[in-house]
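Presented below are the structures under discussion, each in the form of structure tokens.
Next come two complexes, and both contain chain A; in the first it sits with chain B, in the second with chain C.
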Partner chain A sequence: MSTMTETRAPARTGAEPRRGRRPRLPYLLLIPAVAVLLLGMGYPVYWQVITSLQQYGLAQQFGQPPEFVGLTNYSAILTDGYFWTVALRSVVFCLVNAFVTVAIGVGVALLMRAVPTVVRIILQVGLLVAWAMPLVAAVTVWKWLFDWRTGVVNWLLTQLGASGFDGHNWLAQPLSFFLVATVIIVWMSVPFVALSVYAALTQVPDEVLEAATIDGAGPTKIFRWIIVPMIRPVLSIVLLLQIIWDLRVFAQIRLLQDSGAPVRETNLLGNYIYELGIGRQDFASAAAVSILVLALTIAVSWPYVRSLLAEDRS
Partner chain B sequence: MSIATPSAVGRSAPARPAPRPSAARARRVAGRVLASVVALVVAALWAFPVYWMVLSAFTPTARLRVTPPSFWPESPTTSNFSGAVTGTNFGSALKMSLAVTGLTVVAVLLFAFLAALAISRFRFRGRTAFVITVLVVQMLPAEGLFIAQYKMLATAGMLNTVVGVSLFYVAAIVPFTVWMLRGFVAGVPADLEEAAMIDGLSRSQAFFRITLPLLAPGLVAAGVYAFLQAWNEFTVALVALPAESAQTLPLWLRGFLAASANRGVDWGEVMAASTLIAIPVIVFFVLVQNRMTSGLVSGAVKG
Partner chain C sequence: MKILRSAAFALAGVTLLAACSSTTPEASDSTSTDGGSSAAEGAEITMWVAGGDTPQALRDYLISTFAEENPGSTLVIEEQAWGDLVTKLTTALPDAENTPDVVEIGNTQSPTFTTVGAFADISDMYEELGGDKLLQSFVDVGMVDGKNYALPYYFGSRYMFYRKDIWDAAGLTAPTTLSEFSDDVKQLRTDSMSGFAMGGQDWRNGISWVFANGGELATEDGGTWTSTLSDPNTIKGLEMWQDIYQNASNLPSTERDVAYWDFLNDAADGGAPEAATIMAPGWARWSIGDLTTNDAGDEVRDGMADDSKYDIFALPGVDGGVAPVFAGGSNLAISAASQHQDLARNLLTIIYSPEYQQMLGENGLGPANSDYVSSLGDDKFAQTMIETAAASKLTPAAPGWAAIEAAFVYEDLFQKIAEGGDVTALAAQYDETLTPMLNGQG
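Let's look at the complex of A and B:
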């Protein structure tokens, strides 16, 4: 509130044009946002940079001052085979999920274009309802669907004649664990992709498609040579966002691990950081892995940031 | 659906001089019907888990434990809900969620609105730097920061407090809401305000009577977005609110499932608990989703 009154005060003084003469006002308006970002984001990043260069273990927990050790923590992590296992697993998991999500999302968007309005609205409502599910509730429901004893999935597979699914525990094996995680993440992410791509598809003029049909182009050719080039900007942004979001998957894995999954074989980067920091109180290593993850995220997100920046300039 | 299909084809048919109209037409109708069937199956697949959650919430647990499962309501009951609500800590978790979400929404709206005014109404030195910061910060994953955030709160003695966890929520949500509101503020021409001032209103009168009402839809959308983020958040809450008495609803739901697992999960109660958390969110979400989608990819659409 105090900022409100501060910022109002200079504004009330007169009717002079807002640009030029009052250069202080925009800075005053930014104070609260900048302060909260510095405190909530800036300081944690700073703390992690410093801590990742220090020895910070149990001894420091008991009051011993941390010792500057340079890049030792980083070299320890980068020579640790388990870190690379987790990193590779995270990247593969991220790419598989992102591409599967975008492929299904584009398919659903094309479907929305191909069906009558009533069907399209039913489809949109179905997608919206799934998209709206809070993450923890969604994972909980999927655990119930995949429950080994009375879950619908095992029952359905058994009914369909697949053997060995009666009482099958999906979350006990890493591979089927990640299959379940992928199903959940794809289910949660497809609605955003489908609705965004559909919005882009509505911008493709019907006349162009009709002209192509008259010229003898089949559906595959139309898709490849007309639709994809026209919706490419949206496609690439949606794919990039999926990659960024799937790289940070933590909660879904953490919640699925609760059901007795092998933690070490199912950790992704976020879970590894959690285990290092909260579990083992090894803050130096946790900070170093965090910095690596942040650097990776910024590198991957840079094209998206640039495209938004271009939008701001226009 | 079967009524809509032929008429839609009929409308576009004259534009297409096909050599054998009847065969081509039949193929198109068949294609459309097939697409409709696939679309309905997809809709059912995506809606089913939500339907299953609500259905299970109203089904007696004894019925949930036997096969084959029932896909329609059978002797519906509300006892699962009373079981969930009277379970440990539901009341305190609800209070905690409301407090954290309320504080976050108010702070986000105020801070983001002021910042959005600054960057959409003024050109000033450092503006681009601020915009870049906002864009980069909104990309930073909570998982890359939460150890430091945990440590920071622990050092300050603010673990398990509303203010502590809200600080990180506000910092995480403000960037995207600044971006969202920037579009809304830019959409209200400054000339409008100036015209009102020429007509005799003071600067602040013009702002409150002309600009603010026009920004109301944007503020509502941003507020709902902040609500959804704070209400659903799990990762930061997990580290910032370790005490059971300080849990928010998502943490409570996780604990409720874990507690239930000790005596063979009572899925009816767990689904009732999930439903309680999900329903307000689904309602709000459906109201605001249009705005959020266009915010994320608007640059690309204009492209």
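Let's look at the complex of A and C:
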């Protein structure tokens, strides 16, 4: 078998370059990358779509032929109020986190520009260390900080004279649960935003800022009318990435839930998919929700991507 | 790679042949010589144990005995974490190339897999491995349509650990009825100490109150499961638990996996403990007591050596006696996709042998075969464990049980009850959620 293809192959490659046009090479070079992408991403997506149209549970995993059920899984999910609750909760949580992260990140970047070099380097190292911290370790530390019995946060608040925080359980109520989750996620994402925006700020020419100062513009005006427009492309892409990342947040919530929380009232989309697929072994519904989340991600980020493309063209 | 793979296929072929041959009558009476040696050709079988419950000495015994009785074959024991056991089994069991041959599985997780045909039918070995002597509630949970797919491995039980010094100082003695227990622990509670430490989401301990009042979580009729939270007895139990949580425990309503034993020990600075009473599995004993130094020079708890300070009792029943508690423990099963059915069966023979059953008991694990329960010892810990295990109950053997655990449904229910919710209304609401889930729908 292999000898046959070997003998044929040289003949073809020998013939083609003469007939073919030159620009074929770039496409040929693209093949490996596209093949890997199709294999790595295409197949799972294909499997997701197929599975979401079947009845596929543990019995099917153990060899029973799956039954094709069309859009039944989707209609079941879309008519289930719980899905909409989780979806809305996820979108709100994602937007709040993304904007808070970018706001704080820009603030830190401006701070880095304003402070002397030594302080800036300390800041940058601090940011990098926070960013490099493994997720599970970071969440564990935060969990200990907010622990109801031995946590530093409760102790500190009590020392400061706030009453009612001795033994206060932050994870018991959904709202304060998400407050803690937001603190953790923002803490983990600010370094990326701050460093990216800081890099963009270094590209803002000093002469422009000087000219603005001479023209009598105050710091707010300079920021609003000069810096923001100049670093807009970076801000846009960073915000888009944050939105996408925060929409698929999973591990932080799961780890917090593990230490005792009202699970049903704190599930985000990622956790809901995990519960359906890994927990209940209802792989079909999990696949259907995943496809819906993919659609949601595209819907949330589409206006953004379009304006990015428009900016690119102009 | 290619060579390795064909070797593996050849091997699989050999064992398949062996498996066929062993069904002939002359093979069945001596599993170790015939079935073992012909399957031998270097076959390796894998056993998954869950968590660190099986001590190293017992693992070593299994490996060496298996090698002796099946010359040329080896047993590999791999430990899986309890947390992702179900996930790992879901992906590994259907895959003949990678499946473990023998698996340990939590007793309440068994129905999830037995009902989809993941395990091999071992009904023909049932009598040989112990028959009626095996712990029946565990046997039942591993049964589908009258056939045995999973058998008990070991059992644990839970009972009450208490601070005798504190109870004595309050003029209280070990209670004899469940309501007396409620009164005692409510009386013991202070702002800084729980009379009885119990997390609000801790339904695994909490359902003891349901069972004690004659209630059930769910019942089966003709293959259909129905959640029975609204049963008057179940409601009585849940209300009794609500009362005890609200008036005797200082723990948050969201706590579920609590290291209760920490609460019973003196505080780090030698101060008063945070709880006067806790409910925990028997092995919690080794995390309780005064600090002492072991042979290796590490600081450890002395296992409740001071019996004027620490003591135990079984949770009393409504009318005295012992309340049924939720039994912990594991089952064992052979993967249906295993290519070494015969060797896997040989391993089960070793596990259910008198020697191994004896070793389980000596290591504090309740042996599956009741003939060897005495090996647990005869001190109060062993006696209380045997007594509570005899009265213990299991959660429903419904196909959707693992899904319910994964969705934290009972955690949510118990939290709402702990927070003072109306038990009757919550029971009706959760019955509606749970019934389809029990039957594996939704």
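One rule holds for everything that comes next: the second predicted complex is superposed on the first by the 247 of 314 C-alpha atoms of A that agree within 3 Å, B and C clash if a C-alpha of one lies under 4 Å from a C-alpha of the other, contacts with A are read in each partner's own complex, and residues count from 1 in each chain.
Heads up, the rule we're going with is that a residue touches a chain if its C-beta (ideal position, glycine included) is under 8 Å from a C-beta of that chain, and two chains touch if they have at least 3 such contacts.
Please read these numbers as outputs of a predicted model, since none were measured by experiment.
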item: Chain B versus chain C as contact partner of A:312, first or second or both or neither; value: first
item: Partner chain in contact with A:278 - chain B first, chain C second, else both or neither; value: both
item: Contacts of A:171 with chain B and chain C, given as first, second, both or neither; value: second
item: Partner chain in contact with A:192 - chain B first, chain C second, else both or neither; value: first
item: First, second, both or neither for A:228, with chain B first and chain C second; value: neither
item: Larger contact residue set on chain A - chain B or chain C; value: B
item: First, second, both or neither for A:26, with chain B first and chain C second; value: first
item: Contacts of A:44 with chain B and chain C, given as first, second, both or neither; value: first
item: Contacts on chain A seen with chain B and repeated with chain C across the two complexes; value: 278
item: In the complex with chain C, residue positions of chain A that touch it; value: 57-59, 61-64, 148, 167, 169, 171-172, 257, 260-265, 275, 278-282
item: Residues of chain C touching chain A in the complex; value: 87, 90, 93-94, 112-113, 116-118, 199, 201, 250, 252-257, 336, 400, 402-403, 406-409, 411-412, 415, 437, 440
item: Chain A to chain B touching residues, read off their complex; value: 3-4, 7-8, 11-12, 15, 18-19, 23, 25-27, 29-30, 32-34, 36-37, 39-41, 43-45, 47-48, 51, 108, 111-112, 114-120, 122-123, 125-138, 140-145, 147, 150, 152, 155, 159, 187, 190-192, 195-196, 199-200, 203, 210, 213-214, 233-234, 236-238, 241, 244, 247-248, 250-251, 254-255, 258-259, 269-270, 273-274, 276-278, 283, 286-287, 290-291, 293-294, 297-298, 301, 304-305, 307-312
item: Residue numbers on chain B that touch chain A, as the complex places them; value: 1, 4-5, 8, 12, 15-17, 31-32, 35-36, 38-40, 42-47, 49-50, 52-53, 56, 64-69, 107, 110-112, 114-115, 117-119, 121-124, 126-128, 130-133, 135-137, 139-152, 167-168, 170-172, 174-175, 178-179, 182, 190, 197, 202-204, 207, 231-232, 234-235, 238-239, 250, 253-254, 257-258, 261, 265, 267, 270-271, 274-275, 277-278, 281-282, 285-286, 289, 293-294, 296-303
